[in-house]
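Shown next, in structure tokens, is the structure this report addresses.
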Amino acid sequence: MSFARNIAAEALGTAMLLAVVVGSGIMGQRLAAGNDAIALLGNTIATGAGLVVLIHMFAPLSGAHFNPVVTLTFLLRGDTAPRLALFYVAAQFNGAVIGVWAAHAMFGEPLWQISTKLRDGWGQGLAEAIATFGLIGTILTTQRSRPEFTPTAVGLYITAAYWFTASTSFANPAVTLARSLTDSFAGIALPSVPLFIASQIAGAVVALLVFGWLILEEPPHV
Amino acid sequence: MSFARNIAAEALGTAMLLAVVVGSGIMGQRLAAGNDAIALLGNTIATGAGLVVLIHMFAPLSGAHFNPVVTLTFLLRGDTAPRLALFYVAAQFNGAVIGVWAAHAMFGEPLWQISTKLRDGWGQGLAEAIATFGLIGTILTTQRSRPEFTPTAVGLYITAAYWFTASTSFANPAVTLARSLTDSFAGIALPSVPLFIASQIAGAVVALLVFGWLILEEPPHV
Amino acid sequence: MSFARNIAAEALGTAMLLAVVVGSGIMGQRLAAGNDAIALLGNTIATGAGLVVLIHMFAPLSGAHFNPVVTLTFLLRGDTAPRLALFYVAAQFNGAVIGVWAAHAMFGEPLWQISTKLRDGWGQGLAEAIATFGLIGTILTTQRSRPEFTPTAVGLYITAAYWFTASTSFANPAVTLARSLTDSFAGIALPSVPLFIASQIAGAVVALLVFGWLILEEPPHV
Amino acid sequence: MSFARNIAAEALGTAMLLAVVVGSGIMGQRLAAGNDAIALLGNTIATGAGLVVLIHMFAPLSGAHFNPVVTLTFLLRGDTAPRLALFYVAAQFNGAVIGVWAAHAMFGEPLWQISTKLRDGWGQGLAEAIATFGLIGTILTTQRSRPEFTPTAVGLYITAAYWFTASTSFANPAVTLARSLTDSFAGIALPSVPLFIASQIAGAVVALLVFGWLILEEPPHV
């Protein structure tokens, strides 16, 4: 793959991911008649199924990180070059915002929105740390023992994490920042963003240490 | 496969797909007590699971296009001969209508119905273009890198797209026209059909260009 | 496998299937506060997931037919010997009843019940014929082209068929008769049973003819 | 794998499993506006998807038992050494409690809770015996015929068992005891715990006998 194709694929994949997350959140909220559990069920099924497809689609094209802490993980493990990592992160943030706007445009909402949904408190921070810890653990372990299953594993993990974490598992700084630009079901107010991103980075670093140790003696796949 | 078997399989598969889409929409609407999110959940699970099975069943028999823009895509890429493509599209339109009538018959509804549900506006058009763009992208990328996963990928993609696109993702001209013949949950009024079909063709053409470029350097599967 | 193990496995598997179908129906009805779509969602997810597991578990032990029309299909195609087929059908009917009673016992209901839920009319008959046609078609086509996928295909097919057929897809004479012995969500009144079973046999025969023709020229798997 | 990594992996995996079970129960209960079927749907989808991922993650590290009766089964079949089994069971009980506390912390609930939800009666005991019988049967049969499918089979089995058993299928003594420490949707009062654990052990022993006989003549996988 040429460099330009790599970056374009990473941006397009992240944009499609955000269109799925935000679009299905709007659809759920509009149809669920005020029952947030039903809205979250639709949001969950769409995001889980969408992630499995998107990672399968883009893994051969860009690696399908879609997530700065995933890129950071591969950078720290020496699997992604620093220059490429920088461009990937930029592509992820820009793609994510475009995806949010695409969702707004489809649903006839104003493109430019600012979320007013505060997501604060230690519980939310811990939830994001645990969510990201599990996500990075999912990737590191399955990449080593059964790499062809990793795309499905990530989709299933996020399906679970939408429900078991108090924050509904953003687990992704690009997704977090972009979701501050939608005042819908999936939104997050800007003041809550720094806690989320800091927790995500912390969770990823702990995952790197813990799972790095756990898989140390396991022979790599061939 | 003989020519006749090809065409018959394509028509039967498309008929079964429409029976699933329209039948599960009627079931959802009848049972959900007015909560459209719950009706859409049932409609989604049935359609997604059904598509995965139907494509596995008919892929060895006809290729399991079930969709004129999919046939158009394979025609433009030189994978389907023009004469076969023409018969496929005819089989798809006829099969789709028969599937709608089969759903009506099972649920004791009048066979002949005309939908009154308008689905208009730029947002709906954009939604259909994005839905079809993603569908064609799903097929082109997974066919190249992991073809045995394409049937599952298409089912999961439509599962997501029922929720993340404002139009609930028709993404198929034969499905669109046939759904104008049901005045139930899955229906679309005839005046809204041209916008949907034009948007679907536009989305498919853009997908051919974008994903055709993205997968250009990737070696084909062997 | 010895003959006794074959029969025992077929009976146990069918019993577990009925415990899943009837048990999850009772659970859905008890919790769903009168919303039948929500009850059916729980019933569907349990049955679909349960079928995939049960067929994987019992396929190497008995073939995992769990269904007299499936046994009939394999008998007519020459894949099952007549004497074994006879014992299988007996095992299926007996296992099914035991499964219903196990569900009643778990939920603290009287073991012996007679359903009062009439499921009559041409639409219901057509629905059962179509449901069984699709089930046999799923088995015949995937067994030929991708046999390791058949267990999953059957589970996904029934997931879809619970929603797209007006009868919620019994598609199985042993299941039908056993469900006349539960006066819960999944029940069927005895007077409706003959129509269901006749329609199931008709659907299976048509599937044998249609799919037998469609897959005629496809080379068998090796 | 060194001994320490084995034990640490087993404890961490069990902790993550309980965080999923209890956390998604709290989320479901908070959002479902009193409709327990909707809460259970969210709880089910999270637990099923989470189990598939967790077993894939930890199977190469510790075997991913997460369950004293699974460890007991492997001990009785001679697949796990007695000393390792002892440490595993300790790791499971300790990990399970930590997982419950992690869920409480994320959702801003008091860490230390005692459940008041009585789950008593013969039906509940039978349900736990059947639930565990099916779980051990799932593991024994799929491990023999298709071991790469076992992680998915267990997740799908529990998905079904949350709905078809009257007890919502704890099927695990460590999970049962830990869930006595949460006064939320997934809780169980301490007086009900002994019945559950005794039933689980009984179900496992019966499964060992029945499925041990059924798979006796089947050649092991190679």
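We call the chains A, B, C and D, going by the order they appear; numbering starts again at 1 in every chain.
Here, a contact is a pair of C-beta atoms (placed from the backbone, for glycine too) under 8 Å apart; a residue touches a chain by one contact, two chains touch by 3 or more.
Listed by chain with UniProt protein names: A, B, C, D = MIP/aquaporin family protein.
In this text, all values refer to a predicted model and were calculated from it rather than measured experimentally.
*Asks:* Through what angle, between 0 and 180°, must subunit C be rotated so its C-alpha atoms fit those of subunit D, rounded to a multiple of 5?
*Replies:* 90
*Asks:* If you list every residue number at the subunit A and subunit B contact, are more than half found on both copies (same) or fewer than half (different)?
*Replies:* Mostly different residues.
*Asks:* If you average the CA coordinates per chain, which chain's centre is most distant from that of subunit A?
*Replies:* Of all chains, C has its centre farthest from that of subunit A.
*Asks:* Just how far, in Å, is the C-alpha centre of subunit D from the one of subunit A?
*Replies:* Using C-alpha averages as centres, the distance is 28 Å.
*Asks:* Once you find the CA centre of subunit A and the CA centre of subunit C, what distance in Å lies between them?
*Replies:* Centres of subunit A and subunit C (C-alpha means) sit 40 Å apart.
*Asks:* Residues of subunit C that contact two or more other chains, please.
*Replies:* Within subunit C, residues 35, 38, 41, 45 contact more than one other chain.
*Asks:* Among all the chains shown, which pairs meet the touch rule set out at the top?
*Replies:* A-B, A-D, B-C, C-D
*Asks:* Touching subunit D in the complex: which residues of subunit C?
*Replies:* 1-2, 5, 8-9, 12, 16, 19-24, 27-28, 31-33, 35, 38-39, 41-43, 45-47, 49-50, 52-53, 56-61, 102-103, 105-108
*Asks:* Which subunit A residues qualify as touching subunit D in the complex?
*Replies:* 34-38, 40-41, 44-45, 48, 121-123, 126-127, 130, 134, 137-138, 141-142, 144-146, 149, 153, 156-157, 159-160, 162-167, 210, 213-218
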